[in-house]
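Here the chain labels run A, B, C, D and E in written order, and each chain numbers its own residues starting at 1.
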Amino acid sequence: MVDKTMNRRVELPQLDRVGKVSAIQFTLWIVVGAIIISSIYNVSPSPQRVAEGVPRLGSLMNRMFPPETDPEFLGRVFWRLVETMQIAIAGTVLGVLISLPIGWLSARGIAPLKATTFLFKALISFFRTVPDLIWALIFVITVGLGAVAGTMTIMVDTIGFCGRFFGEAMEDADKEPQEALEAIGASKFSILCGAVIPDAMPSLINTTLFALEKAVRSSVVLGLVGAGGIGQELKSSFDLFQYKKAAAIMLAIFLIVLIMEWVTDRLRRSIT
Amino acid sequence: MVDKTMNRRVELPQLDRVGKVSAIQFTLWIVVGAIIISSIYNVSPSPQRVAEGVPRLGSLMNRMFPPETDPEFLGRVFWRLVETMQIAIAGTVLGVLISLPIGWLSARGIAPLKATTFLFKALISFFRTVPDLIWALIFVITVGLGAVAGTMTIMVDTIGFCGRFFGEAMEDADKEPQEALEAIGASKFSILCGAVIPDAMPSLINTTLFALEKAVRSSVVLGLVGAGGIGQELKSSFDLFQYKKAAAIMLAIFLIVLIMEWVTDRLRRSIT
Amino acid sequence: TDVEGLEQLEQEFGAVEAALEKSTGLEMDLIPVSSRTAAVEAMNAGQVNFVLTGPAEYVVMKELTDAQIVVAWQRPDYFGQIVVLADGDISTAQDLKGKIVSFGSVGSTSQQLGPAQALADLGLKYGTDYDAQIIKRNVAIEALIRGDISAIGMNFGHLQKAREAYPEVAFKVVARGPDLPNDILVASADVDADVLAKVKKAFVEDGAAIMEAVLKGEDNDKYAGGFFLGSVDDADYDYVRSMYSTIGVDGFSGFVGD
Amino acid sequence: MSITDMHQDLTGSERIAPRSDSPHPKTVNTSPLISAQKLTKQYGAAQAVFSNLDIDISEGETVALIGSNGAGKSTLLKCLIGLLPHSGGQVSVLDETFSGRPQAAQARRIRSDIGFVFQKHCLVSRATALTNVVHGMLGRAGSWRGWHQAIASPAWRQSAMEALDSVNLVHKANERVDQLSGGQAQRVAIARALVRKPKLFIADEPAASLDPKSGHDVMQRFVNLSKKNNITLMFTSHDMQHALQYADRVIALKNGSIFLDQKSDDLTAQDLKGVFSG
Amino acid sequence: MSITDMHQDLTGSERIAPRSDSPHPKTVNTSPLISAQKLTKQYGAAQAVFSNLDIDISEGETVALIGSNGAGKSTLLKCLIGLLPHSGGQVSVLDETFSGRPQAAQARRIRSDIGFVFQKHCLVSRATALTNVVHGMLGRAGSWRGWHQAIASPAWRQSAMEALDSVNLVHKANERVDQLSGGQAQRVAIARALVRKPKLFIADEPAASLDPKSGHDVMQRFVNLSKKNNITLMFTSHDMQHALQYADRVIALKNGSIFLDQKSDDLTAQDLKGVFSG
């Protein structure tokens, strides 16, 4: 081996640049490509139209700035925020607690039962597909209007979201330590707790804090069940054309989102 | 070494069960725990109230089932779905194309510029925090009402979502191959394309297809800019109390979501 | 107007579009918008020329842009009302003192402004004499049946739909406002006087034909018996302006009554 | 009898008894701890890695498995304990017999008595060395306390520390394994297997990244434990010195078959050259 | 002079010329390719891995670095090319001098002339062997075509195939590296370094999981290339045979210092025992 390649030009097999692609796959790619391109083509705005519109944005900005600073208003916004945070935290935590087992049961290769993973994936999708309004109806019927129903709605939203991303994070966790624990006969649950969760942790944290942020922002969900929240406040400022108030609320929300972004970052960094 | 541990009881250092925790960290954990527990405590529904409500769910179901099957109605729903899919695909593809570089620039340890990662994270958060309504206003002003504005709004939504999850996927990619390419002087961009993206691919696929699904479901966004879509159809059936029609639309959306779930699954499996 | 109604209208609007194009000779595009804010801004930015809208939005539009009224579209039985359960313990509006009343949508003429004004006319002050909440109609009805809220503000059409959907529940109206000012077709300031006249003429002269087209859609019965009115006065909407102050929106007090 | 026939023939569980045509007829008293008959393994549609292997390993034996890179050593070890399904033949291990893939209950019974060291050490990288060793306790009933060192019972933590001590890593117990050197990580993986006190050790290149002294220490420790408690040991190694010195018996894989299967006393380093040539 | 003083003293770049108090005064003609002065490395607040190392390696030399697990071999190699920042002292490599961390431009210049084989092979697991070898082409100007074999230039693909051929893996070129055996993967990593045609090879236990024959072949290939093209080679190994046979010079790390630094001709296996004892 040593000297054989040093000075001779070996006749090496020329490999294909792309792997084997079946005729069906090829057609499929073409079709998908065509759909995407035609979709984009249908909706590209004419640049001239855009150019005309841009200056008009100024007037919108004018009506938004400076944001409202009336202390009484800001005080109300603050309490709304606190209230929203409470509901959001409770709903997200409960949702995450339920998402963990459901996500696990839906994760291919990690779940204890192989046959039912798609079933659980479908269940999670179902949670997402049923619109918030229906969930709102259900919770208002069972627990009545208010913060409790709001928490439940957020919980359901969280399950639909976290269930999917938790499942994905578990599927993508490093396979080798799992194999090692499997080799010594650890149960699927022990593998989950011993190997999968530690590896998926940064992703779980990211998803959870995103869900929390989403819950804080979510205007529709809480408004539906009469739980108000900051989102509702924002929506009604818009509906009443009080843009300066809306701007103030948006800034407050943005601040909270930034703080949560920072927390996510810190938490993830501390365990990576 | 060999025989020293066989028969003697070694005096081994007793390690702490948990790592070193500073006083500040400890307080922080307590505070966070207290917030979560009090939040949850505040919102737990009284069981008796729930028990009363549950039977009434039946009446809700009665009003929804069986779903409407009038062929003319189903036909309209079908075309609405096609229209929605078109806008959703265009918006998501454009959004994903923009999210990739932004996500990269925001990924700690992967981005070419270390100092600006938080800036890009904030930018992505900004995309999310500004409510859809504002984006709708901006696009309505610049490109007018209709499908184009709908696409743009979905694009913005996609950037806010995918930017964050793409960045996270890149941060969580396997570090060792990256280090290997770094060692031979590959540029940050080459490391991204050669090592990070192949490793993050399953996660990127998952996020992208979730964003597409989200775009198909999103009723609010498209309705705002007069782009209609299936979500709008669903909303107006509710507004007119046509629960059977709403149920039919929900089933149609659920079907699409399931198909996309299946596609996600297949795509991810084919590359893992 | 209730924007949702417009949306529903659009589903079967092909015929209307055709009828309008035929009688004006102009090409038209109909776009349903679910947000009054977006519709107003679109008009404001000159991206749309005509908006079919309700009284409350008109008031704002008039304030923000120099919108011109083209025609008014009278909807029969268009008024706000306060609905309660027939077998509940609320029998008059006065019983609502200290109770929770929900309204469907912030800033909606027939779902918030109108009903709130009806209560105000009966001496109940918005937000102080009763607790006003904004809750979507579908949810509010369930909450009403459950007893979480005592009354809902909605318009007549909504109540009819609700009665169809909840045949086993008996509803009762305890307060009712006067017929609301008409829905209007508004043109933006930069529409040619020429085009404006054409459209106006079409509505007034071929009103019957257009209305017939509207009624082709099965869900548009609510417009049955409606008329297009060619002469409308901005002052007709002062009643709406006063509603804004009723619900305590200070932002509009500046032009209320001027 | 073709391989395919063989496979179908043996999928039922009635064929547990030694086959009369088996090339290694067993004596009555010592039933082998591991026994493979006509074992074949093929990944997907690729060429078989090995085919028709017959292997019998008695209780208490120490066996070295050698062969060039890609010969199929790791694959064989995984097939023998049912971690990879085989494509043909039959395996009996620790009194369980299976063809293809063991049933879940079988797999659990087999694995609860095995200590396995992987070639890639396969540690949980975000966990400490101690937690990784405590993981070795998993796989028995009620073993959830093995998830993390913080919740493990004091006895288990003590055993884990002793296992770490036996690979000279007590001072790194609280360190995350991704901050250990290559050889240290390998030693954590070995400690994870040692802590189990199993009936069968399977170690895939346990000494690969160890320095010469640690390598000998670790091998010596395996052999001592094995001899003292009658534990069967099967290991692979590219160090012929180790194979000859620590194993009773050497099995060499070459071109998908057993090239050599002999007592190590009868062998010299020179004899092993042939395994890697050609 | 304390380490800290030293460090501050040398952060400026004016001190490139050999220091008069350097323990290895250089001859005028052969400037060393790698030269470390008072090199110290400490991870976080832990005890220093090594401190005050002075090392000079001339162009074309082949050096074996030995030492027990955790002695700091991998750490030292990474510090020498600036892949890890050092905590004290100064490094000159390939005519670039830095203290702590090299500047970005320096790092790029240094690394474009290096072929590095990691101890953990560090391959992109979802890519094929060929793609991983083509990755070796990255790090030069306009090297984006090295991202994937499908977009690489024909010349590069040919070189990559030749590199694979030289480690006997042509038949696995199109296979994903996570489906290769441990030794095969290691050989892909070596091919990735070989394809670069660098001025300096740094290989961290390149032969660790290779079978005896492949191990010798790979080492022989490194040495041949190195001798023929005057490439400097620095490798670590736990195989004393390899260290003595393939290196001109052996450096041993022990307890954070250089325990031994000698021409390999003067050494026997027995001499090396002391490196690992105690």
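Note that a contact is a pair of C-beta atoms (placed from the backbone, for glycine too) under 8 Å apart; a residue touches a chain by one contact, two chains touch by 3 or more.
In this text, all values refer to a predicted model and were calculated from it rather than measured experimentally.
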Checklist line | For chain B and chain D, chains touching each | finding: A, E
Note to self: My parser should flag the chain pair with the most contacts; which pair should that be?
What the structure shows: A-B
Margin query: Measuring centre to centre with CA averages, how many angstrom lie between chain A and chain C?
Written below: 36
Check: Using mean CA coordinates as chain centres, what's the chain A-chain B distance in Å?
Finding: 3
Checklist line | Approximate Å spacing (C-alpha centroids) for the pair chain C, chain E | finding: 77
Check: Approximately how many whole Å separate the CA-defined centres of chain B and chain E?
Finding: 43
Next item on the list: Please set out, as single numbers or ranges, the residues of chain C touching at least two other chains.
Entry: 35, 37, 41, 44-45, 47, 138, 142, 146
Note to self: Residues of chain B that contact two or more other chains, please.
What the structure shows: 53, 56, 60, 133, 137, 141, 143-144, 220, 235, 238, 272
Item checked: Junction residues of chain D, two or more chains touched -> 120
Next item on the list: Please name which positions on chain A make contact with chain C in the complex.
Entry: 53, 56, 59-60, 133, 136-137, 140-141, 144-146, 223-226, 228, 232, 235-236, 238-242
Notebook entry, point to check: For the complex, which residues does chain D have touching chain A?
Noted result: 81, 83, 107-108, 110-112, 114-116, 118, 120, 122-127, 135-136, 138-140, 143-144, 146-148, 189, 192, 196
Margin query: Show me the residue ranges of chain D that touch chain E in the complex, using the header's touch definition.
Written below: 43, 66-71, 74-75, 119-120, 172, 179-184, 186-187, 205, 208-215, 238, 240, 276-277
Margin query: Quick check: in the complex, which residue numbers of chain A touch chain D?
Written below: 174, 176-177, 179-187, 189-190, 193-195, 198-199, 201, 271-272
Note to self: Which stretch or stretches of chain B touch chain A in the complex?
What the structure shows: 35-36, 38-40, 42-45, 49-50, 53-54, 56-57, 60, 86-87, 89-91, 93-94, 108, 118, 121-122, 125-126, 128-131, 133-134, 137-138, 141-144, 147-148, 150-152, 164-165, 168, 171-172, 202-203, 206, 210, 213, 217, 219-220, 234-235, 238, 250, 253-254, 257-258, 261-262, 265, 268-269, 272
